[in-house]
């Protein structure tokens, strides 16, 4: 049989028609849609063994317990650990996305560690008699803090600085005990203390929030007292006077913008629905005085024991409050930004530096913090790469010890601040965490909580090696608390903040920063969901004004404007909200904005 | 919609909707396929010329499509339903039967100074046909047609042996911007063509026996028809912006085209030679 | 999509959200993005071009300072139980209701991005990929292996964490039983620090949403349009319960939040 | 230069002049093609549409253009099915307008979808309950029908006609144009309606939601009537415009008046139906959904004036003008009325697309604003330029107005007779 071209065509044609009656062509067309999902440019998630690891979040002092979901060795999700005695299974949005932090585009990849060390040594050598070389530890109480203190004790002119803190680090607020809480602008439900602990205790206390703006906390408070900006002390004084049956009340009430009636009823509530607790965003003595008056000390404000440290560490520099250092006295300043508790405005630090040529070295994950002002910025590991412990939070009645065990290895070129600073003094620092754990085990108090089985065990029953192992697997040691022997806390001497210049005629508005959390720690790119892709949180360089104020300033919704304060000016984008009190500019805190405004400052808005 | 698509659910609505859709598609496709099929058949059957004429006829203005019996006053107004092919027309047959065409008394109609011999039969497209003794038919351009093209720039005559169709193209004439076809009055095979010097004519032999020329104008019809043609010419000329000289009864000059250099001669010729 | 239709075994997954507990922290929004491989915003994205399968709105009582009171309302796909507006409008069946769970699912691989469903949805719970999905270098390593990232030009929305549901179903099958509502919770539920969001099967009277449905303080968004959402909100505050109804003039005027 | 392509006996401007005329349109088309290209290559982020304003200028354009293009089907229906022979004077022009409108709309739709490469999914996995499926199927079918209807017009070009197969095919196809007109009418009825249904079915948008008959909301029928009403108006308007631009008489005034009369008749039916529908919606449909209708019109700038403009100003008034023989006979009135009718329908489409999306649905929604980006506007303008170009070329080389030559002669005669008459008296 001869095969002609016609036969070939017939064969091919027949095959095509026949193929249409098989699933293949239809299936292929259908699947083309699935393939198009995987076009180049769209990343494909890596596959691998799914594992679970436990650690503790080092982003803030809350140190919430974390259950990480890993694919191979790569964490792909972080979640809280339910049943945890401190964090009660919660994780804030910052903690939930912390596994993205190692990949931040703004992250520092390398820094001049050697040059910095030489420069520091040289500068220390040049220190004058009244000048000092200081380490500013933004999260005191860590094992690293002890290393700094030990190093500073042996370095000439050495000084260990800690930021001002309301309770001085050795006392805690006991929310579980409180029945009525009066908060002067403390962000109680927005990242204050250990969020899980606050939420767990929230059912049991009545919350009165005195604050000029309706913050997240204010909107969920049982009572919001919309006071005038800067009148917290007046309100405290008025309440104190009501409680003590003293006059006057009316002039203070007038300052706050509240009625005497309102203040009296708050005072009565505090007095009759005890135990009461007065919280404070800053640290006004008036609030502490109220606590004293209400008998909160020893009941809702209690002393907390120090987490044990090895005896050999006791020869350490004392903790000096930054505020109490004389201005212009620090020649060398090393700032550990790798673990922070909030952002201090640069001006409070800068005024302590010597005028001529101070040396500032900062250990940071990016240049966005104090790196803007430092000669040397040394890159550090970022959580969840760090190997660090987390001191107990402000609402943790018991001492605690937990370690942020690294979930991923830090990249090469990172500088460990404690090794660097210990190196200055010639101290070994590598094993400090293990030594601390052994010291705790030696003390033998308290319990060890392990997450995998959500079990607690008395520390006495755990072997030292197992204790260390458990800590590295995200375990948490909690000190025993003697409920019967509530101790009176030893509170630091707080000085009244300098009287704010109240007659600022050229700066008619008050700028109040909010969202301070964002300024303190690195943000995952996914936080754009909160700051950019929704307006749930106020994005950096955005400001909210009352429409009346905006009209007076000549700015409109969406306009760009200049915010001016005593410390400088910045460009902001305006939005309007009649819920903001007239005369107030609500600005989103970024590091730059805190440098500009602090917590609150007289300000002016002019159209750009 | 097709088998093996996951997640596709059939329901009554699907049947109705897709049924309607495919019906529509089928109708559209059938229409197009049908048209293609018919075209192929027509092309194969060499019906192009016929179709061209039908298509042209359809595009003629209504006043140009009037029945020849309107000229003779038998109808007040009537549009030709057969594209000037009276051989198909029953009405024409009836009318002819009732009033057989009268031969004109004269041998030549003199209209506006143009001669129209009565021994010729005239096509509405200004071609004449004269049956010859040898059974062939001579086809030529009538006087008005000749004057319209005057001295043509070029003439394309068919080769002997070519087939012409009634209402199809007899030959092409180029004059100035005009490029017109002279429609053939009869069917047949070209046996001889005229030379340029002697006027252009075709000698056409009927393909099978007798030539049917019922559809051509003859006798007393010629004059009213020509009167109307002159009106048309005037209209065409005035539409093209030529001065209205004919209305005054003036005699068309031998080469009208030269008299109206500003007129769109293509349009005028198209109009007069029934080529829209 | 294989949907086992076992009589009596079908579930109606739903949620209850206690508005009085929500502090607007946004944990649900980021946990959702982490779980479902939603990329971070392109620099040009705004709150109207972003992708937030669950979005917390700040709502208020419409008063001015100092009488302003705010609340936070997480809005996600309301998983309409009847006549879901997005299902019938999709021209190519990219939106489907799973009869086994009642979850309104979006198939991004079948979506051609006509956005008709977004127009149809009164809850604005559907999001379009205006940009190619992009993660900072290295961050693509943190993607959830259970969920495929979507391409540019398709619509996506909350599906009650289909990846988790699927994993739970497989686990249940491995244990020789059918999946139940208690076998998994969506990421937002797990992440909510205040436990404001609870998840369950509305067909089980003891589940949190079923209980919430009976609660007098409960409401659903736009109940009057008859879509029978399966997300129940709850608040003791009268003005908060007003948000269930149609917009009223004056509410939220001159306000840029929410 | 291109004389041999221009139909015999009609006067067209010189080739350079024609080039001068199309140059700006070509430039606009190029700009629009660049805009559309940006949207295709970089994605829809080039537009100002967003998750809340998911449809924008383009959908408005599609709805309006398709309504205006309804003249093609409706004229075809009147001419071939109802045998209104007078309309053969404008049918070719109507087909070209229809083709331009529909192909432009489909081109924009292809840019409008996020994944144009998946456009065939609608045919592959059709959800027959979706109005958009109906629209997609019908529009693509009808575009095919229009293209087939356009073929004879194209093949009738003087030069193309010389090719025997074109000539024959044109002839044979033209004989079957009744079938196509019928199919086109069927398809058009459905997609004009389903375009209306597109918004009418949106239960979640009580501003647009309407009750209806079986599966079709009332907007389904309103769109059919309004499109049928405005189609002839648009043909009237374009014919008049082309007459003005080309300075020629193209159709007899009686034809335009007939178009006006048809338009007016249908417009009055539409206005009546729209009024009844609006009353039902205000008093029943919308309140039943929990949305008091007054609320919609409290958001500036969309006050009740928009209802007035839609129904009375651009509905009732043009209808009355076109139904009054005395006014209809005056070109100025007739053309103004046709323009108003077109505007009214455009406004109706605008209200349905843009206002629907601007209005809040949730209690905490804001009233949204939207302004198209230059890329969107460019694509929009490209469709306009494309339409003008296709029409210009068609007008130059094809016989859009079969009566043009006759009218030319008549005009000449009138002009000649006038001085004579003046001399007599």
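Worth a mention:
Note that the chains take the letters A, B, C and D in the order they are written out, and that residue 1 is the start of every chain.
By our rule, a residue touches a chain if its C-beta (ideal position, glycine included) is under 8 Å from a C-beta of that chain, and two chains touch if they have at least 3 such contacts.
None of the values given here were measured: they were computed from a predicted structure.
Relative to the centroid of all protein Cα atoms, the closest per-chain Cα centroid is that of C. The most distant chain from chain B is A, comparing centres defined as mean Cα coordinates.
The chain pair with more C-beta contacts between its two chains, of A-C and B-D, is A-C. Inter-chain centre distance (chain A to chain C, centres taken as mean C-alpha positions): 29 Å. Chain centres here are Cα averages; for chain A and chain B they lie 96 Å apart.
Taking each chain's centre as the average of its CA atoms, chain A and chain D sit 61 Å apart. Centre to centre, using the average C-alpha position, chain B and chain D are separated by 39 Å. Multi-chain contact residues, meaning those touching two or more other chains, occur in chain A at positions 30, 33, 36. Those residues of chain C in touch with two or more other chains are numbered 46, 49-50, 57, 60, 93, 110, 132, 151, 255, 258.
Shown for chain B are the residues in touch with two or more other chains, namely 2, 5-8.
Per the touch definition, chain C reaches chain D in the complex via residues 42, 44, 46, 48-50, 57, 59-60, 73, 75, 83, 85, 88-94, 110-116, 118-124, 126-132, 151-155, 221-227, 242-249, 251-252, 255, 258. For chain D in complex with chain B, the residues that touch the partner chain are 3, 8-11, 123-126, 128-129, 133-134, 137, 141, 144-145, 148, 161, 164-165, 167-173, 175-176, 179-180, 183, 186-187, 399, 402, 405-406, 408-409, 412-413, 416.
Here chain C touches chain A in the complex through residues 20-21, 23-27, 29-31, 33-35, 37-38, 40-41, 45-47, 49-52, 55-58, 60, 63-66, 68-72, 108-110, 132-133, 135-151, 187, 190-191, 193-195, 253-258, going by the rule given at the top. Residues 33-34, 36-39, 41-48, 50, 71, 74-80, 90-93, 96-97, 99-100, 102-105, 189-191, 195-196, 199, 214, 216-217, 219-220, 224, 226, 257, 524-530, 532-537, 544, 546-547, 557, 575-582 of chain A touch chain C in their complex. Within the complex formed with chain D, the chain B residues making contact are 1-2, 5, 7-8, 11, 13-14, 16-18, 21, 24-25, 27-28, 31-32, 34-36, 38-39, 42-43, 47-48, 51-52, 54-55, 59, 61, 63, 177, 235-236, 238-239, 241, 244, 264, 266-267, 270-271, 275-276.
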